[in-house]
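Every chain is named by a letter (A, B, C and D) in the order it is written, and numbering of its residues begins at 1.
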Amino acid sequence: MKTLKIGIVGFGRMGQEHLRIISDYSSNAKVKAVCDIDFNQDAKDLIKKYNIREKYTDYKEMLQDKLLDIIYVCTPIDYLTTISIDCIKANKHTFCEENLSKEVEAIQELMDVLKNSNVKFFVGFNKRFDNNFNSVRDTLFQGKVGEPHIIKITSRDPDLPSLDYLKNSGGLFFDMTVDDFDMIRFLTGAEIEEVYAMGAVLIDDVIKEYNDIDTATLNLKLSNGTLCVIDNSRRALYGYDQRIEVHGSLGMVTTSNELQSKAKIYTGYGVIEEKPQYLILERYRQAYIKETEHFLECIIEDKQPLTSCNDSLQALYAAKAAMKSYTENRPVKISEVK
Amino acid sequence: MKTLKIGIVGFGRMGQEHLRIISDYSSNAKVKAVCDIDFNQDAKDLIKKYNIREKYTDYKEMLQDKLLDIIYVCTPIDYLTTISIDCIKANKHTFCEENLSKEVEAIQELMDVLKNSNVKFFVGFNKRFDNNFNSVRDTLFQGKVGEPHIIKITSRDPDLPSLDYLKNSGGLFFDMTVDDFDMIRFLTGAEIEEVYAMGAVLIDDVIKEYNDIDTATLNLKLSNGTLCVIDNSRRALYGYDQRIEVHGSLGMVTTSNELQSKAKIYTGYGVIEEKPQYLILERYRQAYIKETEHFLECIIEDKQPLTSCNDSLQALYAAKAAMKSYTENRPVKISEVK
Amino acid sequence: MKTLKIGIVGFGRMGQEHLRIISDYSSNAKVKAVCDIDFNQDAKDLIKKYNIREKYTDYKEMLQDKLLDIIYVCTPIDYLTTISIDCIKANKHTFCEENLSKEVEAIQELMDVLKNSNVKFFVGFNKRFDNNFNSVRDTLFQGKVGEPHIIKITSRDPDLPSLDYLKNSGGLFFDMTVDDFDMIRFLTGAEIEEVYAMGAVLIDDVIKEYNDIDTATLNLKLSNGTLCVIDNSRRALYGYDQRIEVHGSLGMVTTSNELQSKAKIYTGYGVIEEKPQYLILERYRQAYIKETEHFLECIIEDKQPLTSCNDSLQALYAAKAAMKSYTENRPVKISEVK
Amino acid sequence: MKTLKIGIVGFGRMGQEHLRIISDYSSNAKVKAVCDIDFNQDAKDLIKKYNIREKYTDYKEMLQDKLLDIIYVCTPIDYLTTISIDCIKANKHTFCEENLSKEVEAIQELMDVLKNSNVKFFVGFNKRFDNNFNSVRDTLFQGKVGEPHIIKITSRDPDLPSLDYLKNSGGLFFDMTVDDFDMIRFLTGAEIEEVYAMGAVLIDDVIKEYNDIDTATLNLKLSNGTLCVIDNSRRALYGYDQRIEVHGSLGMVTTSNELQSKAKIYTGYGVIEEKPQYLILERYRQAYIKETEHFLECIIEDKQPLTSCNDSLQALYAAKAAMKSYTENRPVKISEVK
């Protein structure tokens, strides 16, 4: 079997992580080239460690390499669809890290291009590949807790992202809640119909300068009647907090955080447990490995990936509805933002 | 020290429970009389067991007994304020089981009467006396998790109440969520400013006949900026589910359910833990004991009870706002329902 | 139904506790008299609070009261059998707090006296009435984990007892492990056949002055082939540590400690859980209530109590075997100490 | 930096696992050759997948390859020292999977050969590299729970090994408890001084045919005065059970099992948690990765590995003492078996 050749566009934190994962865990694929406008020291070290021969600063040049089968697009969100479209046109299978865009039209354009191509396209909703969340989903699909009545998702980052990131993120609903919207669709197979969002700046006033919020609670109604609540925070000092709870007609299923170790210390001052894992790359390492495994399998066996542009589009609609709801302080139907 | 003499009006499930608690746990008070329009077999058995000499069917008659120091009012909600007012006028210290009324005016009238009296008056927000919830509150007041940003309350009954109860309960927001509203005020010392409520009938269509809902998720904004979510269900088959989580600027505090025992069974088929306690009287037994202890202490030492008519009024405002929000599908400010 | 009248001999910590429990929780029994050679302030306060009319300094005098149905014997261990025998001879039902004696002959004499009487006799193995341990036992008897292969018991006190207590306790095996021996018999219905004990003074050298140890680990073989390990310590700074684990042919059942509350605090410094309950009277309150309830029921309904002198004797044999094993550093068969 | 070339002798389950780990996780080492007397289908598939060019059936031939820097010895225990000695003599760094031998002399001979060589030698006590056990050790070394008083180790396999394995394992104390002995030395830095062991055949009578036991409980005394208990079973139907608890002068530290997922299901029939991980390769995957990482680092940076032949020897002494104790039913001092 031929080894698949991969090029990575955008060689920052996530691009580097995907290099590591592909190199360490995939026996049927290899990173051949990386591309960025600038390579920091970490980037250079990794390129050396993994012996990557080709470095580009212009991705269009890289796309001309006929030997490349797959492109991982790991740039900031504003460039994802444009680059992805070029990848598809160059007939490369495309792995797009993160939700595709903050603009509906951009995703729709991408979908149009994709329709007329034969490449596999993957949207990096990595949480769909998390072991714990899949246990929750299996429990639901096996009917063990009956019909879902209430879904609760907590997702809180350990701390504020860089101001640079905040500037372009599109805001909390677009860079954080968007994953929770996708998770709800993944868990239930139902569509989000209506969103109500409260938001606030409670952590750091700097957030206000970006017209953003740092704390939010949301109420959702799904097409199957299920009610959902999401709560988000940019800062959970105890670690990366990622939990799901589904209350159904026959019971409840929950999943809790992975801790840094299972050691527990009992003293006269209290009982101390380890904190949840802190870094996204630690918490979702297993999911990142699995999504790449899945995508390569789809290419090799000519199967449809588990995530699609439509998933991205639906999550974006929900984020737009949340934003509108927050701005106008009223529940907003998804149909209003389509 | 003189033993305080107590009369109980309304000798159903809760009246009987208070007899048991006063008799078993209080060394400085004694139930002297009980009153109801009808006494069922359980009632008769208890009266015999605890050797209660006086049985009334008309509470006004009972109020004429000069020897009675205290009246516990444990009737259905529709009678609470009227009877309480008569108790106060008869110069009896009054313990009112549950939130006082579904009507603002009724509470206000009671407050007027109370203003001109010297009796102690207690509103039975029993959860304020729960050991676990007090640990959460202490953690907050000691600043251990900083300023509260997000409060999450889950309160779910093990199963649907009787249809008889449903008929007069005033609906989910008035008989279940009302306690969660009070808990939020108790935990934070802040006021609820705005409420958004989603509701649904997902458990049993019979609920629709009472114009009620059986499942709800709510979003609240407090005067101190804290965001809150509440989720309610009439049926949690695994037991009475009563949990609180507060996420703050310095961390999070949670409290989980009390289980039926600490035994855990590990087999080839899975690891089985005991279910949460099922009955409200089991789960909140300790809180019921403590609230009576507290009320008696307030009488003996002439102190102000921890719960007041104003607490009841504020919780009622929030319930009314929730109802209005659900009906009109929009966030409702508390000021709109005052 | 007639109210049973109780006298308490030995009005220290445990005698006082039994007064509280009988008074607060029993509707069919009442403490009429208490007896001790000296009454401290706590004792006097309780006598006043519970309105106990009769105080004795000579228990033999108290035994002449024909109205007394039951005697609770709560003295130090050295007096238990002598007083119990007098109680039985005076035709009083007798509740003996704790294991009966450090001397086999004393128990055997008591058994002889008992054989010719009609009174109910109870040995205060209170842990047999603990909710959690009963869950473990039920799991075993229902066969849910199959045949028991390994039993592990941890029992550790929160801190060293008073030196006064140490002087007369008979040593760790006789005042602490003895309860674990009984628990093993209770859980399995099997007899202890062989004991090996290691012991050490690791906490405080003062223990050496009493020829005692403060830390021990034991290995036991039962008549049904089950292997057991017990570990004991006089000081667990995090609280009273009382755990059981049974590994069987089909799985395992465990029980963990009851915590002071279910609150859990998550901060940047770690996750803090509450400590186990600290005091024996707090941890086993429910079991103390239940054993009295059980004993009164046995008297009223003429049933055999769940604990017998033979249980006490068997636990004593095991303690003697442990002592001999520790002293001679070799495994000792129970038959050697009979 | 030069890539280290590795040869693997013994290409069964563990040899294959080390191929996977080296290939997937090490960027500075590569498996160049594998050797076994026979290659099963799994072996052949892996050799193909990882593109291993050289296959030997005679390890002595393989040792003549000058390009090989390191040999992983993964044969059954009976061949470990002989092959290791040949590796050392061929001047190869040697990684020895598992405890070295059931014979003291064999280890001593190996130690002699090693003394006169310059190679790095590693003994595969993989549990020393487990994240959870290292948290326990760190807690101890940081003095957070004070001086250790009682150590409890539970190690139970999910099920009986193959009869083939049983035939040559040397028995439970030599193939299972031996790791627990090493763990105790690793956790405390103290030596085992005395061992008492009880054993039984409770799972399957087939074990008797091998003069082995399937269940054991042990009592140990360490050079620093600490008391230890170990319990072992060949069958824990709920999964691979690997736990440690250390009770010290200032508190206790425990570590519990890793579960298959963090999902928890609550229904009317009970609360169901996932089982512990079942396979040793799953449970200790992280430790296997870390020990190879460590060994390679020792070679590259010329450092002494964390495990030595002496560790292996000491664990063997303890196993021999346990065997003697079980056979003669008496505590045995380590000095007796030296």
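Note that in this section a residue touches a chain if its C-beta (ideal position, glycine included) is under 8 Å from a C-beta of that chain, and two chains touch if they have at least 3 such contacts.
Model, not experiment: these values are computed from the prediction.
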Pair with more cross-chain C-beta pairs in contact, given B-C and B-D: B-C
Distance between the centres, which are taken as Cα means, of subunit D and subunit B, whole angstrom: 58
Approximate Å spacing (C-alpha centroids) for the pair subunit B, subunit C: 39
Per-residue multi-chain contacts in subunit B, two or more chains: 236-238, 250-252, 264, 266-268, 274
Chain-level touch network, classified as line, ring, star, complete or other: complete
Partner subunit C, residues of subunit B touching it in the complex: 23-25, 27, 49-50, 131-132, 134-136, 139, 144-145, 250-258, 261-268, 274
Residue ranges of subunit D in contact with subunit B within the complex: 236-239, 259, 264, 266-268, 270-276
Residue ranges of subunit B in contact with subunit A within the complex: 147, 149-150, 152, 154, 156, 196, 198-200, 202-203, 215-219, 221, 225-229, 231, 233, 235-238, 241, 247, 249-252, 329-331
